[in-house]
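Note that chain A is present in both complexes that follow, paired respectively with chain B and with chain C.
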Partner chain A sequence: MPSGPAIELKGVSKRFDTFVALDGVALEIRAGELLALLGPSGSGKTTLLRIIAGLEWPDTGDLLLGGESAVRRGVRERQIGFVFQHYALFRHMSVTENVAFGLRVMPRNRRPAEGEIRARVQKLLDLVQIGHLGDRHPGQLSGGERQRVALARALAIEPSVLLLDEPFGALDAKVRKELRRWLRQLHDRLSMTTVFVTHDQEEALELADRVVVLGRGRIEQVGTPEEVYGAPSNPFVFDFLGQVNRVRCQVRGGRPIVPYAHIEQLNGDPSRDGPGTLYVRPHDVILARDPAGPATVRFVGVVGPVVRLEIEVVMGAPVLEAELPNHVYAGYRFAAGERVSVRFRSATLFPDIAAGPEELSPADLSLLSASL
Partner chain B sequence: MPSARRPAIDSRSEPRAVRWTLIAIGLAFVSLFIVLPLVTVFTEALRQGVGAYLAALTEPDARAAIGLTLTVAAIAVPLNLVFGVVAAWAIAKFEFRGRSLLITLIDLPFSVSPVISGLIYVLLFGLQGWLGPFLSEAGFKVIFAIPGIVLATIFVTFPFVARELIPLMQEQGTDEEEAALVLGASGWQTFRRVTLPNIRWGLLYGVLLCNARAMGEFGAVSVVSGHIRGLTNTMPLHVEILYNEYNFVASFAVASLLALLALVTLTAKAVIEWQTGAGLRRQGH
Partner chain C sequence: MQPRSASTVLLDRAPWLAHDYARRLENDREGFASGARGEALVLTRAPDPIGALEPDRAAPSARRTLSWRPRSIIPGFGLTLGITLAWLGLIVLIPLVALFARAASLDASQFLDAVTSDRVLAALRLSFGASLAAALTNAVFGSLLAWVLVRYSFPGRRLVDALVDVPFALPTAVAGISLTALYAENGWLGAPLAALGIKVAFTPLGVFVALVFIGLPFVVRTIEPVLQDLPAEIEEAAACLGASRWQTIVRVIVPSLFPALATGVALAFARAVGEYGSVIFIAGNLPMVSEIAPLLIVIKLEEYAYGEATAVASVMLLISFVMLLAINLLQRWSRRHLERS
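The block that comes next holds the complex of A and B.
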């Protein structure tokens, strides 16, 4: 079925006692795509994955696998490949036996012959590049190797869908990057519908065809990595994906007023007057040396190829963060204490919902008075 | 940071005198309360030679007592094995209402005097008990018969296997079982291929302890057995009767068998611990 979605969730809700893990989640996962479920802890991403696998049942809603409702099908019958966060390898079995497990427990009429099981296991181990480790036990493997065994074991039952729960969470940074690239290549080779859960935005943006951002049991945004990073549809996604400055402002006459900064490109809807928040990425904060400028450089930090600067605008106001490439910074060489002018290359406006004047913070008031 | 480590080493190594005193106290206690009695059992048993020793063990009443003890253990231990695994499985792998109550109930035989446990069975199944008249009409004799002894033994020994397995299974979690289910294994396949191999050493240890107690139980069995020679006397009861009759050699001869059982259990325990240690090392823990 290359046309229809491989997995479809319709209004799926799930609560544990009083905690709402999922609240009316609707999602279509296309056949053959690599999809990331991204969210902070407690956002329901793992619960969603476990519901697809059949390890958890939704309280309400429906789950369709290949166009058929699967809610009544048990975990055994779904034939889904699942890679657990801590791999859950069978500790008393060799690597070979771990991978062969799914084949050995098949009903007799479907179970391959012993010779074929061996051949298939070896092929899988070669596929995940650990063909020489078949006789080891899980305890004798590194984290990355265990991950590969878990993947080979999941693939052995020829699943229609591959699910991975925080696949790189337990690995150190270098191995993580390596495995990430390798998993992408493997996915392109097998073109199997793959869903993985992560709280690491970099991982989701680099690896996935599409990213689903989850927050508090709801889907906040679905889109390609460019879409969710470049055009977040709400403050939650903005906050969660990448660094962002939140700049309080007043919207008047169709434009937000920030007394100390010039806005070059405004996204969002400025049609309603009232308080609002501008979301500005640090790399969209442009500084220029200006002895009469409204802002002061407080801190300059060189972090490898990028330079991070902290800018204080009004005494007591939240600090702005700016980021620029090292080679660009080399042309300026700002020093702490210097006066600068500020431009926002791009800013996105979200009006405050139901915020009266009594909820304004001292910082807001100082901004207001500065604008008068 | 050698300067930061030195105090740690100093605080761990006590002065030589303190160390030796502590070791000496430990050894003295062990010899006084464990080694000495054990040696006494065997010397008393062999006081009149090997011939008298073997005669005491092969005499019909002794043979009947040994046979009864083996029978009771052969019934009670497998039943408690099944019960222990089921209870530990339920407690360790599932969250359900009444879970903590079940844990408390499993511990009950440890906190109740065995004599009381025996009395409860008398009150339940005895001729004047709740179920007694009904049972005797149906032709069942529970108290002062083998069923009563088996029941009392099961009651006293049922925590051993479950207690051994619950922490082990809790520590292992449910990840591997879930992995097996996702891979298409049935509940039974999951248990046999994943859960059981992971708990096998703990299970064996629990069974050994359960068996040692089942064969050695005195209090509860004494209340329900009725001490009928050659019929309802288990080995510990037989030891007591012989001793009260001043038949010390025979008494200690039978007791030496129980002592041997304890030694075998201890050795097996040591072997198991060595095995699990080796297993853990293999798994890289």
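The block that comes next holds the complex of A and C.
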């Protein structure tokens, strides 16, 4: 697999009127990788994708495709496959004609002969497993089938890069999961540089080689799914990826002080004294039955294979969420109202100074007031 | 009646029919007072006055009705269809029948003479030719106008939007007079055009100009909503696939708009064929040259040649009907895939 960057973004900024969609984004996308742009709505992820495709222009910054600046190249010249969120299929054309469109509009000297167009379209339809639907029209297809048509149509022009905007957003949960796995297999077969946008963390973590977490027009973290989930580099990523408990604490003498819990492994930098926040995943909250313990089980919910518990700490701190596998829970059988002791298997500390006041979400504020 | 859920009532059909039938007879005996109850019971099929009055025929006729009309929980089909047919008959069909009846006062050879005289043929040719040309011209420029109004925002957009409707609202005579003043050889546009050797007023070209004027809003207003619903994404998709702007328009946008465009053209055409007020001012009305068929009809009426007038009118009606039918079929053909979604 070649390893040079297929796409390189340098200090890309874009604003719409007063809304800053992208703010100095720098990113290298390796050839052949499957990259997820993950972020909440308004984080600029779709704008970034559209800039790569050439459907949007950056106000400042540069975009390199295969090492050459592409900002001046129009969308037609970039030869990028783009799959739109709502597929944007041509409704008046059959599936075959939709897929053949990119070939038919080629300039005469590059356009394949009619027979070859047909053969290539059939091959693409077989590749996306809808070879039997060529004569149908988009209106007669299910969502998943339309998605496949859109993909085949984008692949027909033999693009160097494939971009997908919320590729599974409009599908129901079951089809989504199926298509997700299938797209991964397809990518492994084609080993084409692929970038997809999603707001669904599970999708990004399951599918991508690397995940780019975007928040408010800036890249918050880039890394493998394990890295971004296991070692989020800032509170935003922690909050956005997966469930997390935020525990207010005071850092003193290189240790965060949490009166009611024992911290087994501390990540982050505790060198600065002062207020801080510990981020603890629910599955890192470990409970033990202890009549003299500082916390009370308030609620036990069995959600399929996992059990979720809400813990109230006596000292007026906010509710903690703990999660443990069903078979482990079977050994304890906590009941609501029981006293327990609390351990954090792993907790990550972020000093409060790092987060400016504007970065506090309403949830932060409520936590703040709760702990005061 | 046993308390049953609505769905079971609808499901077991045969016993319910019999029950319903018995109830209906009872209602008839009870008279009008129990009408409301009767209506609730026969919700699933049309009131059948003949059947109700003659019990022997009620059951079979009810069964026949059910066979072609799907059951629906939306009542009122019979009532609304009845009113629709009556109204359509009163407003459209009876006048048309009167027209043909009047034309039938001529015998076959008189009729043929009346509609195949050179003057009549020239007028029909002009009326339909100019109307079609005007409608097609409006198809091109009306689409463009609709496009600009929908896709771009610019200062004065609302003003342009309002201007489009002016031909709707303006009395056609006013339009005719202003167009004539404008295009006459001493008019603002007529003078420079005359210098180029183009005469507009008092020629067939003048007829065409007037018909373009009155037909424009029909095309714009039918295309606009469809264009609004056409996602910009499909144009972006076409561009991503390497289509030029022109290819996008020809291969993607126009085919998507075609059904609406056909409707707009049909409306503009129909309006143009029937147009009278604006045309007679600018046309000059030279027999064989710039005389439109509606004017010829008026002239015949003024000569008390009612038979001839209605003969020409019925031919116009037939041609219009055939052309509109053709446009409708074309539209249905182009829409066949879109409707299945």
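Note that in this section the second predicted complex is superposed on the first by the 349 of 372 C-alpha atoms of A that agree within 3 Å, B and C clash if a C-alpha of one lies under 4 Å from a C-alpha of the other, contacts with A are read in each partner's own complex, and residues count from 1 in each chain.
Keep this in mind: a contact is a pair of C-beta atoms (placed from the backbone, for glycine too) under 8 Å apart; a residue touches a chain by one contact, two chains touch by 3 or more.
Everything numeric in this text was worked out from a predicted model, so none of it was measured.
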Review point. Based on the superposition on chain A, does the combination of chain B and chain C result in a clash or a fit?
Key: clash
Practice item. Give one of first, second, both or neither to describe whether A:Y332 is in contact with chain B, with chain C, with both, or with none. Key: neither
Review point. After lining up the shared chain so the two structures overlap, which partner does A:Q79 touch, if you call chain B first and chain C second: first, second, both or neither?
Key: both
Review point. Does the superposition put A:M106 against chain B (first), chain C (second), both, or neither?
Key: both
Review point. For A:L55, is the partner it touches chain B (first), chain C (second), both, or none of the two (neither)?
Key: both
Check your understanding: Which partner does A:W182 contact after superposing on A: first (chain B), second (chain C), both, neither?
Key -> neither
Point to revise | On chain A, the residue positions that both chain B and chain C contact, one per complex | key: 53-55, 75-76, 79-82, 84, 86, 88-93, 101-102, 104-106, 137-140, 153-154, 156-157
Check your understanding: What residues on chain C touch chain A, complex-wise?
Key -> 231, 233-234, 236-244, 247, 251-252, 255-256, 258, 334, 337-341
Point to revise | Contacting residues of chain A [partner chain C, same complex] | key: 53-55, 74-76, 79-82, 84, 86, 88-94, 101-102, 104-106, 137-140, 153-154, 156-157
Check your understanding: What residues of chain A sit close enough to touch chain B in their complex?
Key -> 53-55, 75-76, 79-82, 84, 86, 88-93, 101-102, 104-106, 137-140, 153-154, 156-157
Practice item. Please name which positions on chain B make contact with chain A in the complex. Key: 175-176, 178-186, 189, 193-194, 197-198, 279, 282-285
